[in-house]
Each structure stands twice: as C-alpha cells, then as structure tokens.
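Once you've had a glance at the structure underneath, I'll fire off some questions.
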Amino acid sequence: MTDAPPATTPLVALKDIHKTFGAVSALRGVSIDVMPGETFALLGDNAAGKSTLMKVLTGVYQPDRGSIELDGKATAFPTPSASRDQGVEMVYQDFALADNLDVRTNIFLGREPQKNILGPLLRIIDRKKMESETKRVLERLDIPINPRLKVKRLSGGQRQAVAIGRALAFDARLIIMDEPTANLSVAKVDKLIEVTQRLKDLGIAVIIITHRLDEAFAVADRFAVMRQGQVVGRFRVGEVSEAQVAHLISHGTLDDYVDHGSGIPEDRRKIGSTSSMETVDAFSARGTTNGSDS
Amino acid sequence: MTDAPPATTPLVALKDIHKTFGAVSALRGVSIDVMPGETFALLGDNAAGKSTLMKVLTGVYQPDRGSIELDGKATAFPTPSASRDQGVEMVYQDFALADNLDVRTNIFLGREPQKNILGPLLRIIDRKKMESETKRVLERLDIPINPRLKVKRLSGGQRQAVAIGRALAFDARLIIMDEPTANLSVAKVDKLIEVTQRLKDLGIAVIIITHRLDEAFAVADRFAVMRQGQVVGRFRVGEVSEAQVAHLISHGTLDDYVDHGSGIPEDRRKIGSTSSMETVDAFSARGTTNGSDS
Amino acid sequence: TSSGEAAKTYNIGVVVLDLQDPDLAHMTDAMKKTADEKGVKLNITDSKKDVGSELNQVEDLLTRQVDAVIMQPLDGDASQNAAKRVIAANIPLFILSTEFAEGSDVGYKSYIGVDDTVAGQMQAEYLNKLMPNGGNLVFAAGVYGASWTDRRKNGFDKTINENFKIVAEFQAKGSRDDAKRNMEDTLQRFPSGQIDAVVANNDEMAIGAASAIADAGRTAEFKAVVGVDGTEPALQDIEGGTMSATVRQDSAGQGVKAVEVVTDFLNGGNVDNRYTLPFTLITKDNLSEFLK
Amino acid sequence: MTITMDTLKTKLGPADLKEGLTATRVKRFIGDYGIIILFVVILVFLAAAAPNFLTLNNIVNVVRQSSIIGLIALGMTFIMITAGIDLSVGSVVGLAGMTFALLAPDSGGAFWLPLIAGLGVGLLVGFLSAAMVVWGAILPFLATLATMAIARTAALVITDGQVVSGLSGPAEWLGSGFLGPVPVPVIIFLVAAIICEFVLSRTKFGSHVYAVGGNEESAKKVGISTSRVLFMVYLIGGVTAALGGLVLTARLDGAAPVAGTGYELQVIAAVVIGGTSLFGGVGTIRGTVIGVLLLGVVMNGMNLMGVSSYFQQGVQGVILVLAVLLNRWKSD
Amino acid sequence: MTITMDTLKTKLGPADLKEGLTATRVKRFIGDYGIIILFVVILVFLAAAAPNFLTLNNIVNVVRQSSIIGLIALGMTFIMITAGIDLSVGSVVGLAGMTFALLAPDSGGAFWLPLIAGLGVGLLVGFLSAAMVVWGAILPFLATLATMAIARTAALVITDGQVVSGLSGPAEWLGSGFLGPVPVPVIIFLVAAIICEFVLSRTKFGSHVYAVGGNEESAKKVGISTSRVLFMVYLIGGVTAALGGLVLTARLDGAAPVAGTGYELQVIAAVVIGGTSLFGGVGTIRGTVIGVLLLGVVMNGMNLMGVSSYFQQGVQGVILVLAVLLNRWKSD
C-alpha cells in the first residue's frame, strides 16, 4: 500500500525470467530493471533472446518462471492490453501493423477513441480525432504520411515510422523499441535518436534493442548484454568501450578480451570497431586449408 | 561477335531503366554500370527504388523502359532463372527462403543437383551432394548450421546467412546483396565484410545495398546514391566524405551542403556522422511551436 | 371458352423435383414431346431437391403469369406452402406423382400420378408371394427425409409379412455408387446363407447392390433383388438375372397424362380430381413386354 | 504547424500521393464500381429480355427469395473478413429450422420460445466452431467442415430423418407475412443488414474484425483480444445462419432435416462477388448485399427466360469468376 | 576443416540443436506417428468388435472401395502442397466417367480411345482451373468452385441428365477385374500412389512443389517457374480425378451425370487427415494413402457393426478434428 514509490524503485523489474519454446530455451533466468525516465539499451547477438524478453514484458508471451514488478509491486501481464493499460508501449521488430488498414486506424488500433451517439450505450469510432492525432504524432517524427493511406502502400521506412508513432501516441511510461532503426536511412536514424533523447527529458523510460553499438552508446544511460538466453553483462555508459561490448556480444565474456587499441588499424576493420582478432585469424586459417573458394 | 570483352567493358550496365507500379513511379530513368570484379555500393533513402532496380537486374521485374547489357551485349532477363544462368546471384532483402524446407534444399532451390537412376531419363535429386556443399558454403561464412534444419526454425541472423550462402554456392560473376547486414550482429557484419573483400580478390563483382555508410565506405570501390527513383550522385570512394553522402541521401543534392567539420561535435550527433544541421533545427523549431509533446 | 381462340398458346409451368434424377429427366422429355403435339408451351423448372428453391421456382412461375402449374411436390408436407401460393394467385394447380399428406387442404384441380406408397406395397407383395416363409432382408433406403423414400419405405413396411426380417439397412441416396459400396460391406458382414433378398427404394440402388452381389459371386444366394422405377438398365439386369424384379412406375406415362389433362382443362374440358396410373410389377415373366 | 500536408507532398517518396496514370484510374474505377456496373448491366438486359422481370411484384419476389441466403451471407462476411470461412451454415439452417419447427406448434402462445431455441442452436454450433478455431487452433475450413457434419447428423437424428410440418400462425407470419407492402423476410434481412453494416463500419468491434483479418499477430500485440473477436464472429455467423433457417422454415411452413444442404457454397460465392477477400481484412456488408441480390436476380432472370436448370450452376460459376476479376482492380 | 559440426554445436544459439524436453519428445512422437497409432487403434477395435472385419476378403474390399477416393486424393495432395485446393474433382469424376461411358460401347475393340478421352476431359478441366489460378490470379478455392459448376453443367447437358449404362467387356474389367488375387482398381491406385510418392519425394519437380507451397514469391526469385509447377499440379489433379471417374464408371458399369457429387470434401478430409496442410508446403503421399484407408476402414467398420447411416457423417467429422489435432504436434 505504499504510495508514490521512491526514486530508487525501478519502474519495471524483470526477475529470473525463464521461457522455453518447445526444444528451445530462449530465456534462462534473465533479470533486468529499468529506472523511471531512464534509457536502457538491450544488446546481444542474434537469437540471444532480446525480443523474447521484451515480449514477456509486454504480455505477448507468458514466462515459464520468474516475475515482473511494476513500481516495486509484483504484477502480471496476461495480455498485451494489460501492459498497455499500465503505460508500457512497444515498437515490435516486425512492426505489428495491419497492412489492410489505414495509417490512422493502425495508430489507434485497440484504443480507438469513441464518441456517443444516442447516449453512452451506442458508441462509434471518432475517425476525425484519429486523423488529427495521427498527423500530430507523425509530425513529431518528421515523417508526415497521409493518415488515410493503407499501410500496405508504405515503404519499409514509412512503416517503421507508423509503428514508432503508435508507441508515442499515448501517454506511455515506458516505450520499448525493438531494432527500430534497422530499416531506416541515416537521417531518419538521427531523428529517432533525437526523439529518444526528448523522451528522456519528458521522463519517459525507454528500452531500446539494437545491433548498432554507436546508437546504443549515443542514447543509453545503462545497458545489458544478452547471450544465449542469459545476461552476460550490465554496464553504465562510460564503463566499457564499444570494442569491449562487441567482444562480449560475440563471446559472452570479457576474460579473454585483448585490447587492440582504440585506433582503427586497417580498412577492413573499420566497421563499428567490432570483433576481436581471433575470429578473423581462425577464418583466414580455414580459408587456406579449404583451397579453392569459388 | 567480339570475344572476351576488354577490361573497360562493364560486366553489367543498366541503361535508363523506368519502372512504374500502378500509381507509383519507382524508377525514373536509372543508369548504372558495374565493372568485372568491382564492389559497387547502392545507397539511398527508404523507398528510393534500390531494391526495385536490383529486381529489374535479376529478372524479378521487367522494366517499362530501358535496357540491360551484359559484357557489353544487350540482353534481357525475362525470369530470375535467366539471370542466374548468366551468373547473377542475389541476396534479397526478404531473403527469399522457403520456410518449410530445410537449409540444404533452400541453398539449392531451383538448381538441385541430380543423379541418374535407370538411365538419364529418370533422375532424382542428389541430397548427399546438397548436404556436403551446404556445409562447405556455410563454413566459409563461419556460420555453420545443420543443413537438415527447417529454415523456419532459424533465427533472423541464421536465415540471412542461408540467403547469403545460397548466393555464394554457385559460380557467380555478380553477387547482389540487398541490405545483407540489417539483422546481423556486429561480429557477423565484420565477417560479411571480409567475405565481400574476398569475393573481390576472386574477381567476383558485388553490388551491395546498405543504409550503413561505414559499411559502404569500407567495402565499395564506387557507389551511387539514389533518390526518388533517380541516381543523384556517382562517386569513387575517397571523392566524398560520409557526411556529404548522408546529405546527398536526404536532400538529393550537394549544393546546399555545409561542412560542419569531420569531428563529432556532441553526443547526440554521434551516429554514423549523418544528417546536416538543418533538419535538426527545423525539428526543434517545430517542437517548440507544438507546445506539449506527450 | 375455347371457341375460336385456337391461336392462343397456353403457357404451363412445371416444377420438377430433381432434373438431375435420370428418371425424372426422362419424364420431362416425354412431357415436352406431348406439349409439342398439343400445341402448348411448357416452362420447366427444377427444385433441385431443396424445398427452399421449390418455393422460389413456384414464385418465379407465378411472376411469369403462366396459365397453369403442374407441380411435383418435393414433400407431402413441406411443399404445401408453395402449392398454396399457386392457389392464392388464382392459377389452376395440378399435382404430379407426390400426394399431399392426408387432411391437407390444398385445392388443386387434379392429381395425376402414382402413389409411391403403392410401389412399396407392391415390392412387399411380390416378396410375400415369392418367399412365403420369409427370410432376411437388406434394405437400401434413398434419402432419409425425402418423400419418395419415406412413402415407398412406409408402404413396404406395412405390407411385408412378419416372417421377413430386415437385418441391415443403409442410406444410399438413390445412387448406384453408394449402394454398391454399402452392399459390399453388408456382404462382408453377412456370409453366405445369412441374407436372402435385397429391397431398394429405386432401381439405381438395386443395380448397385446387384452389381456388388455379382462381383462377390453370390448371385445364386439371393432369391430376390427388387427395385422401383423400371428403368432401362434395370430391365437389362433382370434379363441378365442379377436383379429379379422392379416396380415400374410409368414416369413418362404420368408426365404425358398430366400434360393432356392440363391442356383439356385449359381448353374448357372437364377433368377428374384424380388420375391414378397403375404400377406394374416387372419380372422375368413379363419382361419381354417392356424391353425395347 | 508550419508545414502543412500539402507542402509535404513533394517531400515524400514516390510511393505516396502521386497521381495515377489514366489506365490505372480507369482500372480503379472499374474495380471500385465494377460489381455495381455488372449488376446494372444484368438488370438492363433482363428488363429487356424477360418480360415480367421489371414488375414490382417480381422485384419484391427476388428480394424475398434472396433474403435467406442474404441473412446467412451477413454473418459469413464477418467471418470471412477475419480470414475465416464457415462451411457449417447450411447444416445450421437445417438444424435451427428443425428445432424451430419441432417447438413451434407445441409452445402454444409463446411465439418467442421456439424462435429463441432456434437461434440458440445457431449460437451453439457457432460456439463449437469458434472453440475449435480459437482454442484448438484448427483452421476454420476444417473446423467448420467438422461442425457441418456434426450439425447435419444432429438434424437427422432428432427427427429420425422425418420432415416436420405445420407451424403455428405467428411463426408462419415470419415467412409469409407483410408489413405494408414489404414481406417480413425482406424486412428482417434489411434490418439485419443495416445493423451489421453499422457494427462493421462504425464500431470498435468492427474495426477489430478487420484488424484480426489483416494481421492476427499484430492485432494481438496491440492488445486486441483476438480470441474474443473470433468467438464473436462465429457466434454472429451461427445466429444469422439460424435466422436464415427460421425464415426458411416459416416460409415453407415446415422443416426438412436436409434443408440448407449446399447453401454454404452459394453464400460464399455471394460474399466473394460482393468484394470480400478470402484472405481476410477486406470486405463490406454493402458489397455482400449487392452480391446476394446479383446472384438472386440472375437465378430469377434465368427462370423467367426459361433457361434450362442444367445451365444455372455453370452461369453462376462464370459470374463468380467475372466478379473476382473485377474486384482485382479495386483501389488500395 | 578444423571445426567439425559437433564442436560447433556449443557455439550456436539456443535455437539450434538443443535436445527437447521429454514432454516435447512425447508430443513429437505422437505428432509424427499419431495417425498411424490412431489407425492401428481403430483396426484393433474393429477386429474385436466387427466379426468379419479382419478377413482377407474384407480387407481387399476396403482397399478396393477406397481406391477411387484414393486416386483423387493423390492429385489433391500435390495441389494442396502448393497451398491450393481443388473443389472441382467431384464434377470431374462425373464428367470424365460420363465421357468414358458414352464412348466405351461404341468404340468396338478400341479400348484405349474412351480411356484417353476420359483422361483428356480431366486434363481439360485441370487446365481451366490452372489457367484461372495462374493467369487470372484467382484464388484456387474460387477458381475451382467455378470449374466445379462448369464441369457439372457440362456433364448434365451432354446426356440431358440421363444415366449411361452398359460398358464393353474390357472397360468393365477396369472396375471388376483381378490381377491374381488383387482387384484391378487397387492395382491402379497402388501404382499411381507409388509413382506420385516417387515424383514428390525424389525429383526436382517434387521439390519445387514444396517450394511453391512454402513461399511462392521466393520460389519465383530463385528461378523456379512457379506457373509451370502450378499448371502441372492442377493437370495432375485433373488426371487423377478423371482416373477415379473412369474406375468408378467401370465399377458401376455405367455413369450418372451427378456421380462424384460431394467427393471433394471427402477427398480433402482424407488428405488433411494424412497430414497435408491447407497452408501448403507440407504433406506426403504416404500420409494421404493412410488418410484414405483410415476413412475407408471407418466407413466399412460402421457398416459391419450396423451403425445407422445418420451417424456416419458425424463420425467422419470427429475423426477429422482428432487427426488435425494430432498432426499439430508433428516435429518441425
């Protein structure tokens, strides 16, 4: 019965979450917590379980074991609508749009504004309001789209914008974005980074999943690295280098990390200062043993 | 009737390609050419027409106007199998995998190795050969996957690996990769960059579509920037900076480009040294006029 | 009223219960021929074994303002509403082959046809005479709920003597295909000596059953395989010895009669309330009269 | 606020608001209004070719005939928009009509009891289908193939295959009565159609029906209870089919256990002709009403012109193909 | 070469080769062998409950009865693996059988002519369906709903609704003959099944059938001529349905224009019970054969036990649901 929780209580805390799909253990005891207003990055290799963890948090999946706490109180999200009611919005990796519906309907799907006709028993959808709100939200992202276009007519980037717009349209306390920039061009990525920073100013917590370490380092206050269904590292920005995180993502430990210097040694090693030397060597070695390559 | 073309003849040249989908003009007179063994990056905003152009090249779409030249000779690809027969392989943005089939079958789809039984009239698929070849190809990418797993059981990154593996499995002269790294984790991106460089050493031409400028600059010999169905710039690596290219992608011209210096001015501008200042200013301006933002 | 108006061609609406039924298709052809001879025009519609579409067909005929309607009701009960529609429109109604249920108040001009119940009775009488000591029967029913099936079955059940026992009954929907399949199973169920005769609600089913029996090489065991209709293939089977009898319902004859009665009526003649055409039992003995 | 939608148009990629080519526009026009055009062409043709076609009497007649298939098609539209299908509707017509007919004479003055029982049977079968689709995750085609068999078996068993006849007066009124010049079945159909149109196009539930059909996974993720939506549409489908069965029984003053056999294909054809997609996500009640009337008019016209019934099925098939081809060109 | 698949297993993410839980394994086992288990259970039950069930005679009988539905189901399996469906098969049975019966008595010694004409009719209808599906881009459900209507109309019109009876000797042999102890229809079915199994599981074409069903777009992109594959499967479907019609006609020594009505649903049920998915991409001929025999045995068993015909449709529906639920648990 505690009222307004102290600032040290996490907004949400996932504790020891396990989740198995048939033969696959996607999550094997994962705990993370996010403070109110904090921007949190979730990193990790492909198939590490990032999306699954977030779907547990929004109620798409039910965990096999483990608990969810909101404002320090144990809670459960049996359905996505339960989590949305608590102010948790998510931008799904696949966007979760209905291609056959127009932009405004997608933005308000599941939360259509209604107005009464003939008293409160007979209520119809307020399409006008949906349209004006949609315009407002998309302008915030600087990606204006005609609210009446069917989503299937949009390009990949525009679709992603609609998905993000939907998460911003309601008064969320926590916005989760699953690889929101994968299909966006550079300028739009920048824009999204800005929006994320604005959300922080507004006190809205954000969890962002990304493979681009530069993005993560640009926006996050803290981040966690997942690997094979477990958290293998938790850091504040500044505690580690991008190179170290990249090593952690690929190897699951920093024990064998060797610093090659922060400089960019050669042309081919230019990408996001990522993997360590070992893999490269292993590959070249095999390359030679293999003989012909075509 | 010229035999072996001189080295100055492009491997492929697309000339003045037009393509319209219903009301949408996706391509409005695009010409590009790729030299043998060259690595060519195709850049551009979302919905610029990059994927469409490449699908024209592989015969998925037929151009409304314009021509394709291979080794300097006019040719046409009425179907994807025609282009594959000429040594053009493509890694599609959506991977083009059949989820219900296993890895080896996907790799060899459309080109199954066969062996005779009871003479050459009765031929069956040689599954053994498919399996061993599949293993060989995936090991080259350092992403070994059991060749008998159904593709639908693979994670996003593994699926992308299979798609790439398929393009590498045959003796291609040109490999096109449409955003091959969008879903790959950092270490795997590095690996792919290496593979691309190895292809260059083997004299195989590569066209790579990407939104990540650092990748493009790392691998490409030349690149073109597309915008709204047209080519707005063609450069060799070294002729322009990443910032200039980013500006070109978003604005379609370099005329109004203002160099803000190559340093990274502030935290929030750290991402791939991308958009110019104007958009940011415009946004902040609107942000204030808008009043409340939640 | 007919004097001097010979030029007028009467339009007669006909509702047949199922034109996909070979026997009824045959009847319709005969009706058309008679109509041509009599100089009247027939508008033949098909209720497709569905009471709903029967009503629709009647309504469409009324819209066309035909001079008379010949209706072959799908069912003695369920078709009454359609018939009443005709009466209400003041168009003379003639009923073909299927009688309305007892106590019904449909005011038709005449009934032309044969009572299906009689067909069942005649099948039973034939068996009663052929096998006075009775025996075990297999019954091939048509479509449960369809009036021809119910009436033939009722007539049979009431008349067959109690020495007979129906040991198996299956629904074969009037089709040779279903009857053959079900009969094959039934033959498996009852080895030699356990069944003596097959009774079917129509000839197609009798042919199917007979064919199953012949395939199994058990024709000799069966004292009787009896159908209804008297179709050409059935007569051939009787000749070949796989079937023993059929009750000929003179479908063509009844159709011809109906057209004649209606034409007479329209030309001002007097018509009776009831024209019953006889059923004829066809066995090997009198087969030659009917075989073409 | 400084940038309006208009000035933005130029900033958008080619995908957005570019005007179509003339050919595209013509196609779109045909796609959007093709069925109506086809309908009008058929009407004009029949008015000329079939003498009694364009009489008030016949028009009332056609609409009344179409009202039963029409009622069933309303529910089917909901189901098909969720990318489902309901093969059991024909059997529901038989079973609900049978229930109604069995109770109608006995219930004395209680006119409502048999009505409610009949509709209840429809709900029950709808519930069974929905349970298999939602809880059993069985494809609608297969789940309703099973309920189709089960409901038909039930109708046969309860009356031992017999026809039930003779309803009470008020029950008959449902089928043969008039309100003013309009037959009661037509009124029931039109009222049901207006309610369905309203629900589908204006309410939250209607919007969710489209969402489930467009992308069930996404609908789930944004918090729509897709199972509730699916249950609802199969219940609606069961009720409208049962209502069709009641009207049929009332019209015929009796019920046969095999009544409604094969209706499912007619209904699906009508709904598809009306522009609803088998893939789900697309469709309207307006369209369905036109599809139903179009088929009804064609059948009526063929009868009036004395076309052999052998051809009627074939003509329906050809119209189906035509309509599907026309609908292809719809905008969006 | 220094890294083998085994040492790599540990490097892979959780999705890869982890061993399943026991519960999962049990489910998979049931999923993979469930239909066979169900089949065996039914066999054992019937052997105990129906005295004459387990005789050689009856077994030959069941297989012969199943061979017609079985033949049609072979082609349907190909079509359904491409995510299609063919509702026209029942009408093709009628039309092809009719063609065969019309030509069989006249053609004197030329036994092959009517056979080839009958199969040709099947090819023609298959071609029409394929043309609508491939060139018209009409959904298979709708395209074959149309060809179903058209083929039935054709069968009715050519004989004016009459039954054609009396085939020549060799034609009859097709239906009632024996090769050694085995009935000719059974031999035709088994040979056709073996050929289909071989084509589907071992040849390039078979592999492409699965690819088209799995992802038509992708199949196109890798250079498979999806239109050729689709044309082929509908042609195969037409031929096997026609073959079924010929055998049926030969077995009955005559053809009715309405023969085969409703076969499509029985065939689809059998194919689905055999594990083929309506979504396409999944299915085997082996499975279909088991599905066909399972349904055949159940019908035969009910007859042997003297179960009323009323219940037979309902029992089929229940088995369909059971089978679909069992197939759910299949591995991958």
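Order as written gives the chain letters A, B, C, D and E; numbering starts at 1 within each chain.
The criterion applied here is as follows: a residue touches a chain if its C-beta (ideal position, glycine included) is under 8 Å from a C-beta of that chain, and two chains touch if they have at least 3 such contacts.
Chains and their UniProt names: A, B = ABC transporter related; D, E = Monosaccharide-transporting ATPase.
Given the structure is predicted, the values throughout are model-derived calculations rather than measurements.
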**OP:** Using the touch definition from the top, list the chains contacting both subunit B and subunit D.
**Re:** A, E
Subject >> Cα superposition angle of subunit D on its copy subunit E, in degrees to the nearest 5 >> reply: 180
Original post:
Whole-Å distance, subunit A centre to subunit E centre, using C-alpha means?
Top reply: 47
Subject >> Computed distance of Cα centres, subunit C from subunit A, in Å >> reply: 74
Original post:
With chain centres defined as C-alpha means, what is the inter-centre distance between subunit B and subunit E in Å?
Top reply: 43
**OP:** Please report how many Å separate the Cα centroid of subunit C from that of subunit E, as a whole number.
**Re:** 36
Subject >> Junction residues of subunit A, two or more chains touched >> reply: 45-47, 139, 155, 158, 282, 286, 290
**OP:** Any chance you could list the residues of subunit E touching two or more other chains?
**Re:** 3, 13, 15, 156, 160-161, 310
Subject >> Residues of subunit C touching at least two other chains >> reply: 19, 144
Subject >> subunit B-facing residues of subunit E, complex >> reply: 3, 5, 8, 11-13, 15-17, 202-204, 207-208, 210-211, 213-215, 217-225, 280-282, 332
**OP:** Spell out the part of subunit B that touches subunit E in their complex, as residue ranges.
**Re:** 58, 60, 79-82, 84-85, 90, 92, 94-101, 105, 109-112, 114, 123-125, 135, 139, 144-146, 149-150, 152-155, 158, 166
Subject >> For the subunit E and subunit C complex, residues of the former touching the latter >> reply: 50, 52-53, 55, 57-58, 61, 64-65, 156, 160-163, 165-166, 176, 248, 251-254, 256-259, 299-300, 303-304, 306, 309-310
Original post:
What residues on subunit C touch subunit E, complex-wise?
Top reply: 19-22, 24-26, 29, 141, 144, 168, 170-171, 175-177, 180-182, 184-186, 188-189, 191, 204, 207-208, 211, 215, 231-233, 236
Subject >> Partner subunit E, residues of subunit D touching it in the complex >> reply: 132, 136-139, 141-143, 145-150, 152-154, 156-157, 161, 265, 268-269, 272, 278-279, 308, 310-311, 313-314, 316-318, 320-321, 324-325, 328
